[in-house]
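Note that the chains are named A, B, C and D in the order they appear, and that numbering of residues resets to 1 at the start of each chain.
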Amino acid sequence: MANNLLKGKTGVIFGALDEQSIAWKVAERCHEEGAKLVLTNAPVAMRFGAINQLAEKLNAPVIPADATSLEDLENLFSKATEHFGGKIDFVLHSIGMSLNVRKKKEYTDLNYEWMKTTFDISAISFHKVMQTLLKQDAMNEWGSIAGLTYIAAQRVFPDYSEMAESKALLESFARSFGYHFGTQKKVRVNTVSQSPTWTTAGSGVKGFQEFFDYADKMSPLGNASADACADYCVFLFSDLSRMVTMQNLYHDGGFSSMGMNPAVLGL
Amino acid sequence: MANNLLKGKTGVIFGALDEQSIAWKVAERCHEEGAKLVLTNAPVAMRFGAINQLAEKLNAPVIPADATSLEDLENLFSKATEHFGGKIDFVLHSIGMSLNVRKKKEYTDLNYEWMKTTFDISAISFHKVMQTLLKQDAMNEWGSIAGLTYIAAQRVFPDYSEMAESKALLESFARSFGYHFGTQKKVRVNTVSQSPTWTTAGSGVKGFQEFFDYADKMSPLGNASADACADYCVFLFSDLSRMVTMQNLYHDGGFSSMGMNPAVLGL
Amino acid sequence: MANNLLKGKTGVIFGALDEQSIAWKVAERCHEEGAKLVLTNAPVAMRFGAINQLAEKLNAPVIPADATSLEDLENLFSKATEHFGGKIDFVLHSIGMSLNVRKKKEYTDLNYEWMKTTFDISAISFHKVMQTLLKQDAMNEWGSIAGLTYIAAQRVFPDYSEMAESKALLESFARSFGYHFGTQKKVRVNTVSQSPTWTTAGSGVKGFQEFFDYADKMSPLGNASADACADYCVFLFSDLSRMVTMQNLYHDGGFSSMGMNPAVLGL
Amino acid sequence: MANNLLKGKTGVIFGALDEQSIAWKVAERCHEEGAKLVLTNAPVAMRFGAINQLAEKLNAPVIPADATSLEDLENLFSKATEHFGGKIDFVLHSIGMSLNVRKKKEYTDLNYEWMKTTFDISAISFHKVMQTLLKQDAMNEWGSIAGLTYIAAQRVFPDYSEMAESKALLESFARSFGYHFGTQKKVRVNTVSQSPTWTTAGSGVKGFQEFFDYADKMSPLGNASADACADYCVFLFSDLSRMVTMQNLYHDGGFSSMGMNPAVLGL
């Protein structure tokens, strides 16, 4: 399926680690739809990832950037617009990491320094990306910015721990900055609340298999795959979604609207 | 813009009255994207509308149907699948009418017989459409059904009167039937919560101009037009939205996420 | 526990069938808190219920009324204000019945005449109650009106069938009429979204036991009992909640904010 | 009005600065309802506040604590339970401060170090309070914890700036910790989303007067006052709300359910 939906558009994709990454699939699909891309990831993530393979395949430069560093972001967007010979049409933020989860600290015994690092990486980076883009006037009018999130921002999934708060923060930044970016530059900002997905990041979370299966059974269409999410992001970056902004969009096979599914109870 | 997004797909469009109708624009855009269509409207609406012009332009038959009549719906979908030589991929429900509003009854002095007629036309018809489609097994797997709604289902706009309840009902039918259609046939069901739109129907509502202007100022991107809504519906009927179901989707330039916009206060 | 929270207040309670009814418990608690009451129920429900025992115990008259009949409601509120020698401070609407559920029709094979009766009894009656109260100017300023609802209005519980739509309708009426009653008379209108409760009505629903147990395990505090709901209604009718209006209030032990509870999966 | 609703209960109140503070009013009302209290505030806030007057009036000790300091919180709750001769029944968190707002930084030009301090003071402190209480096992079963918040967590009010994110974070902590506190100790955790209120803190925000008037006109019952909020908190700390947890509760005269109010447009 290729429909030239992003022909002539330029985009920056954060967070493609390896073939399982949602960002990886999004980059592939955007390329397929005719977009020119710049890929980026944190230097530390690039070391054990495979982003260079993707870059080669899509003929897209990789510009490393720690998304918590304003200097790195300024450098990234300067280089990207230079590379494109023009402004940016879309940006994907697919970044998340919890130190407390990784170090197996319980939610009732969190380390607060780690929490701040978690928020900085997983959520504040989204504001930094947008603030840098706006200050550099680097987005084209009617551009589109999207961040990946999870329904733990609305409802409790105990093992998700402080990532729930990271996602609540991320979604709030999307709304707040969406107002400013919309009013000033007609740029829309949304978050995609995706089903649990088998990525290298996701699968590391404690109890992920149960979590995944539960969501899959609860959702009338089953869990949305990373491929389907890539299709959805193509839509969000295309002109078909011009008037959608400041929304948290569930891409989840119907999970978010279920109260009880007999399938979960084995009925 | 034409991207063959609906190539090979078949759809039934309810509610195209005249050129201002959202359904009219949706039909045009779906045609442009390669879909084969059947148009339908209530016999009474067809008399003073212009649907035949549209039918000619899109080379699509018009099959009249009162959406409150099961017999009419059965006939419609039988004829439609016969015409297509196969099942249906998408359906748009764009039907709404309030007798109490039309007859200028205050919300605190409603006529309950009229209310029931309003609900029957504006909301229960959506259940009847889906029940008939499911009974006839007339939808293709991974098909898409959408209804048009308004944010009055969540928040109070006094002049919208009993249409608020009609839309709350419509959205609930989408969720409930979406579970059954998803589980049984992989068909998705969603509602699109559209900005106030200058249609023949919309503009008849008391205070519509103020309503429209208020929403336009409140929304960071302004009100979404009928044309933009048509683009959005193309997305909903395309394979890009396969895993989105049982959602109420705001297509409103950001209105739904605003608390206060200084522009509204003239600041 | 008795704190004179409703001392000097007058209330009308709909829906006390027998000792298991939430409305029964609410009436008992309101009496305990010092309120003067009028009890009412549909003539047909009174035949096999025990409302007269309650009436005797609380020294409260029973005025039969079919809540779908404007004449009955007019008579009820006229008699009630006459009995009280003044206006009404609070009203509880605890009425719900689905013909399609009772007759075991599947959600994808509903009888639409029965559906309309269901809506009339379970939801439109709430508008009729409020319209009659407002027309008679029968509510005291800063009065409180509450209806009982269920989270099926927001999320799908397949066995709840068309009652989902009834509750969506009920909650929308609360918001819409809440605006008018608030603006004109300072009267607040809210709905209480209660845990599944073992009442004569509730326990008749197919799969109610599984439903009840699932909710009980999912909720961090367990399901809220009818007794707890009565306490909550006392609050809603007291002066402690004067500025709360047009809200749907979850009284559910936390169920509505849970995404997944390990207890449900037996973890 | 005094109904002994909190007779025999013990509570810790954060954030009473002066007579205009919501926390001040809450403390007064809780005292009136029979509670024994401990008051606390940050040492820096105590210097220019009047908390000692309140302490004297209510015969309650003041134990200073910087709510961002775990040591201070540990000391506070140890001293409080010592003072009470038993565990704590309720806690009010009424703390919020934005460095970027105070220093007039635009939302699109935020200082990220200040942002972190804002989050630490306004939101993370809530987690610290709860984590400390749970670790010390300092809460009685069926106790109640509440935090004050604002609807900017859901919808954009541009001048509220990064406080929107602070409140989104606070509300998420309430849900997440509410699960753990509920499951382990039957303690409920909620947030109260209060109308704009004339406090020393609130009135310092840019454009507060317009903000306040707009909300007042939009709300069918007008803005909820600090006194009404105190009544509401009494309810939340009383046994009437035992089964309400993990909720964000609008106490706002109906503002949150309004889409458009003709009064705002001067109609």
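Couple of notes before you dig in:
Following the convention adopted for this analysis, a residue touches a chain if its C-beta (ideal position, glycine included) is under 8 Å from a C-beta of that chain, and two chains touch if they have at least 3 such contacts.
Keep in mind the model is a prediction, meaning the values are calculated, not measured.
For the pair subunit C and subunit D, chains touching both partners: A, B. Set against the C-alpha centre of subunit A, every other chain centre is closer than that of C.
If you compare A-B with A-D, the chain pair joined by more contacting C-beta pairs is A-B. Centres computed as Cα averages put subunit A at a distance of 32 Å from subunit D. Annotation: 43 Å between the Cα-based centres of subunit B and subunit D. Shown for subunit B are the residues in touch with two or more other chains, namely 155-156, 158, 175, 178-179, 246, 257-258, 261.
Those residues of subunit C that touch subunit D in the shared complex are 1, 3-5, 175, 178-179, 182-183, 186, 188, 195, 220-221, 224-225, 228-229, 231-232, 234-235, 238-247, 249-254, 256-258, 261, 263. Of all residues in subunit B, only 70, 107-110, 112, 115-116, 119-120, 124, 127-128, 131, 134-135, 153, 155-156, 158, 161-162, 164-165, 168-169, 171-173, 175-180, 246 touch subunit C in the complex they form.
Residues of subunit C touching subunit A in their complex: 151-152, 154-159, 207, 210-211, 214-215, 257-262, 264-265, 267.
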